[in-house]
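Below you'll find the structures, each written out as structure tokens.
Two complexes follow with chain A in common, the first pairing it with chain B and the second with chain C.
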Partner chain A sequence: MDEKERAITPATDSGLALSRRGFLRAGAAAGAMAAGTGAALAEGTPDPLITEVQPWAQGWGDGVDATPYGLPIRFEGDVVRRNVGWLTADVISSINFTPIHALDGTITPAGCAFERHHSGAIELAKEDYRLMIHGLVDKPLVFTYADLERFPRVNRTYFLECAANTGMEWAGAQLNGAQFTHGMIHNMEYSGVTLRTLLEEAGVKPEGKWIYVEGADASSNGRSIPLEKALDDCLVAFKANGEALRKEHGYPVRLCVPGWEGNMWVKWLRRIEVTENAVESREETSKYTDTLEDGTSRKWTWVMDAKSVVTSPSPQAPIKHGKGPLVITGLAWSGRGAITAVDVSIDGGKTWTEARLAAPGQDKALTRFYLDIEWDGSEMFLQSRATDETGYVQPTKNQLREIRGENSVYHNNCIQTWWVKANGEAENVEVS
Partner chain B sequence: MDEKERAITPATDSGLALSRRGFLRAGAAAGAMAAGTGAALAEGTPDPLITEVQPWAQGWGDGVDATPYGLPIRFEGDVVRRNVGWLTADVISSINFTPIHALDGTITPAGCAFERHHSGAIELAKEDYRLMIHGLVDKPLVFTYADLERFPRVNRTYFLECAANTGMEWAGAQLNGAQFTHGMIHNMEYSGVTLRTLLEEAGVKPEGKWIYVEGADASSNGRSIPLEKALDDCLVAFKANGEALRKEHGYPVRLCVPGWEGNMWVKWLRRIEVTENAVESREETSKYTDTLEDGTSRKWTWVMDAKSVVTSPSPQAPIKHGKGPLVITGLAWSGRGAITAVDVSIDGGKTWTEARLAAPGQDKALTRFYLDIEWDGSEMFLQSRATDETGYVQPTKNQLREIRGENSVYHNNCIQTWWVKANGEAENVEVS
Partner chain C sequence: TPVLAEGYGLGREALPEEIAAWNLDVSPDGTGLPVGSGSVEDGEYLFSDNCAVCHGEFAEGVDNWPKLAGGDGTLARKDPVKTVGSYWPYLSTLWDYAHRSMPFGNAQSLSVDETYAIVAYILYSNNLVEDDFVLSNENFLEVEMPNADGFIVDDRETTEYPIFTNRCMENCKESVEITMRAAVLDVTPEEEGGEAAAAEEA
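This part shows the complex of A and B:
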């Protein structure tokens, strides 16, 4: 991020105090209204679902032999990854978005977690896996999968976000749904060996300042990473959310580059070369650079800056009840550390109310936020705005455009707006 | 837990200082040995997996249309839940164990997470779901699923352990594998509404001291819970690890009773009655009580005391490499709060070394521990011993037997022993 962007001043919070009082009143009333909803059922016509013994209480359900490895129940068949046909030339070098509009909490289940391949998801058995560390090292090394399992292991939960997440929004509100605008992201608990451990094993020579990492797939997806980051918090991970990485997430071994763009988290990791300079490969020159307003491009914008999105209500998760208590929820994250606050606006950024974080922000991991309001049934222009531990505040789309114009692709961390109509449906819109 | 058990004195740590020094030396050497393993490959005969372009780098892998909802890669086909045929009369009222020997980290993926049913896993759609709160309340209420979604939500990560976990060990070392001795457990991030919120909505009358909870399945699995616990940290959960609960875990709504035996975490939650006294149902009298040495039984032993197990190496996860660096890892947990320490012994409890916790212990959630040693290739009697924030230390099997004999079923939180042989294979054994 450059200095100009760093210096963007967030919209004034002048309306906040008034708004906050309003929301606190609403919060206090929320319980009572929800009780009204429940009570109406209890007090009205007897509900056969309560008063009569239902079919599912009259016989056996599935035995434990039904699913050695289970899948979601059939009613959740729409909580799946989705791709967008027109976005890429084919399905091989393409993107599958996480259904964040339908999830809660912070952990992304592997089965519906974002995937992006440059030449498809390859099948690579542990026995066939090798990792080579070479270049400016004292001792070039080749590790088998079994070798890696013998090094001290760590566990860390991190988000992975594609640099192109929200990239279609530069030119205006495009895709209608949080899954599509913000679903190039996932958040998992990784187990693996620190990259530092392996690099120290090989012994980095004093002239080594970068590493160049490659995957075992046809694209190889080579990226340069400064040695300082490599020795800081990068992981060579075998497991995600407790189990082996999925095929589409780099089985058996991927790199984790916490807080940095997902493309650098090389999957099917096969080679780490210690170099004096960046390689400046295709994936870090013609791709994954940021076109600016003046037509020039800037490179090496690796960090994913603070960002957030309301996941519900949203275009794929409309309000289906009337006015009254409404849970507004979403996700926030920062590649520079922990999220410290998320503000929510229902009037397109004129006034803001601080949301409740479900847990204190964790370093470079997703944070869930909630705001419980009393919805009056009128339209809302719903926004969220994240602040991270560096004090940086998520900018508006227009603030970003002043610097980068409308032709950029990557690193769009703008405030998102959902126009929630009186009927509860929501649309992706822009507010000026 | 009674006072006698509470007063059990852990084995002396007299050997610890010496052992710890030994382990620290081993730890320092571990890197070098692992390097030796890797270097041998690099320096020996060229490895075609490194020097030749492999088939998976010569074509396309799977496109993003392959798996809207993905499953593990086929090579991981043995990382599945398993049941034990002879343990229960049928597969309907039975148990499916988590493959903890093959997992790492702390999150249990839903697909292979422990399940236990009393009349099978039922299919209950959100539209058909109702939750009634009645009895000693100001206002009986019936909630639909949509009603529940309008209350303020929380996220919490908790372990669920069946009271019968490790129950087969009372009579001696039985099942050969951590999955079977300790796999009636899982650990997930839940999203839902606190039970307190819903009870306050209904308004508990002063004479209400207990709740009685039931599921919508044929067994109903009714259990009494003291009101104090109900108002403390219980959750009415809709989601686990981000997504809707799986069918086998109580879709669409289950109760979470953090730190207390899994049977109380009623699935397909349909009814909460506020009562003056415990109902003393079948599930809390003839079942889920503890037979003691003198033939009497004690009831209401809800809390799962501090416990741990080495998951690798273990009978299902033998050591496949020779002597040298070895990662010993496992899980620890306590229903009374956070784990503060885990000690590991390789000599059957004579000497102990403090393991490294992958992250500070969390309240009533699984904690991963690691101990990195230099294995000399000789047999080990591997044990782990957890300490929780109350200062309680996990007891030996014999210490528990002195109080409860060998005919108990539930609440066996004894120290587990794996006999790891010189060839790397491991067996479930007892040490006296």
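This part shows the complex of A and C:
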């Protein structure tokens, strides 16, 4: 057994170490899905996991010096980022996906939070870091990393969704798993300085209407942002989920542009130029513009609209426990404010039931929802539908296609359907 | 108590040399464009040496790498081919992006004149200029980009937001039929075949 296999084999020597696929086959062959691992024992037979003293109940676990900075236990080896080779020409300007099918709650662990780079994840030390603010300002400034830590600080939790999330699904059901269809997203608690604080330090001149922001990497990822947004809720962040940003998420400093497409959240932020007009850079002309059916294209489609997805059951998270109580859960979010409701349908949108929000919706952050049902073992067409505080209701893919056609690439916030079959497996489908 | 408008006195003034080193962006009206020039002829050699391995000798693209030329009139088609010639609204963007971020893996290695020449060659590859054309900061704004008028500012507020408000709860549709299946397409990464990768490994 090699290292990888060991990392993904279930935690037992009891001979019950079937793979999920093997289990599904076995379950289907037996014509019954009711068997959990424990229930596989004949009724009335004592469970040796209880009646026999197990090694972990007898010997020692690891000492406190074993893991100065830990990784998840090896049995969670499937909860990792994944990429899709055919999506891009290379892995340097590319994307990977958060394993949202396996996560719960709302905070995304940074170690498996998705990445999108245009010239790779660069290594930039705090000592080498510089941030410049210039252009239409009273005084152009250069900050060191240490300078930034001396400004008054705020903490805010926001989702970051790639503009292209679900983009491969415009023309039809394509990738089979919530990780792949909806995993270009993460949600973190950021600590940093408001962009407003820094801009006021430099003093914006009245002619300044936009800012142009760029990163220290070769791609630069320059984007234009209207000054109103910059002064509203943008952050210059250096911590996420309590610790320094990960290298791949912009260490040591990134921009947060709450509710707006992930491309604008410039990583390794090095320069903020106050300008009179938009620069119309490559990332807001060639890319991140949305082509409509008549061949014209929308530009400056900054906001990410209300969206949701059922994360379990889903193609990567099939039902393994048979009929009876079933937790349907998922995520909802909106770039236009807080989620106020999520409805779930098990019949492909004929009827809907309002789900339970785990906590009240937060402004421009992920919201967890649950619907607890009694599954009778029949097939379902699972859907979720988010409503945000503006009254916007998440549309179907057909509603979006009627307005946009199939070529807009970005901003696909359609209702997702999972076809849950009688054997508990789920598949990404489109329904009428 | 500090007053925001008065600032915190943090940071130091940026020097002109520092701003010049980093402030490379060029805007559609030519703001930021440095003095210089380059010909299609020089651009052809430079493109061959620096760009063609990915983008092709005629900027037509190699394998999955971006096509920089072609695709005229395809934007309303099922599979539009979006290139500098068919899609990009402003020449400034091409100059700016090539100068700062290309070649891929060796960015910021092109001089000002080399960038003018390469941009001139890409225009030529898109049949937008003749082969004796010389591009400079003087004539830069005279080049007409075919799709300059092809963009509208985000209009979701009028075309979508008023429509997407229906929260039907019961009897929302008559029937539900599967119209497309991802498993039929079968392009999801997997370890052994069958289910999606994560379930496979579990």
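One rule holds for everything that comes next: the second predicted complex is superposed on the first by the 389 of 432 C-alpha atoms of A that agree within 3 Å, B and C clash if a C-alpha of one lies under 4 Å from a C-alpha of the other, contacts with A are read in each partner's own complex, and residues count from 1 in each chain.
The rule is short, and it goes like this: a residue touches a chain if its C-beta (ideal position, glycine included) is under 8 Å from a C-beta of that chain, and two chains touch if they have at least 3 such contacts.
Computed from a predicted model, the values in this text were never measured in an experiment.
Looking at the shared chain after the overlay, A:115 reaches chain B, while chain C stays out of its contact range.
Legend: residue contacts after superposition of the two complexes on their common chain; A:423 is shown touching neither chain B nor chain C. Of the two partner chains placed by the overlay, neither chain B nor chain C lies in contact with A:378. Legend: residue contacts after superposition of the two complexes on their common chain; A:248 is shown touching chain B, with no touch to chain C.
After overlaying the two complexes on the shared chain, residue contacts for A:147 are found with chain B and with chain C alike.
Contacts of A:175 after superposition: chain C is touched, whereas chain B is not reached. Touched by chain B in one complex and by chain C in the other are residues 79, 82-83, 92, 102, 119, 132, 139-144, 147, 150-151, 197, 200-201, 218, 220 of chain A. Residues 4-5, 7-8, 10-14, 18-19, 22-23, 25-29, 54, 63-66, 75-76, 78-80, 82, 87-90, 92-93, 96-97, 100-101, 104-105, 107-108, 150-156, 159-161, 163-173, 175-183, 185, 187-189, 192, 194-202 of chain C are the ones touching chain A in the complex.
Contact residues on chain B toward chain A in their complex (touch as defined above): 27, 30-31, 33-35, 37-39, 41-42, 47, 49-50, 54, 56-73, 75-76, 79-83, 90-92, 94-96, 102-112, 115-117, 119-126, 128-130, 132, 139-144, 146-147, 149-155, 189-191, 197, 200-202, 216-218, 220, 238-239, 241-244, 246-248, 251, 268, 320-321, 324-327, 329, 356, 358-359, 368, 370, 372. The touching residues of chain A, counted against chain C in their complex, run 8, 19-21, 77-79, 82-86, 88-89, 92-93, 99, 101-102, 118-119, 132-135, 139-144, 147, 150-151, 172-177, 179-180, 197, 200-201, 203, 212, 214, 218-220, 222, 270-271, 273, 275, 277-282, 285-286, 289, 291, 293-303, 305, 315-318, 341, 343, 347-354, 381, 385, 387, 390-395, 399, 403, 406-407, 419, 425, 427-432.
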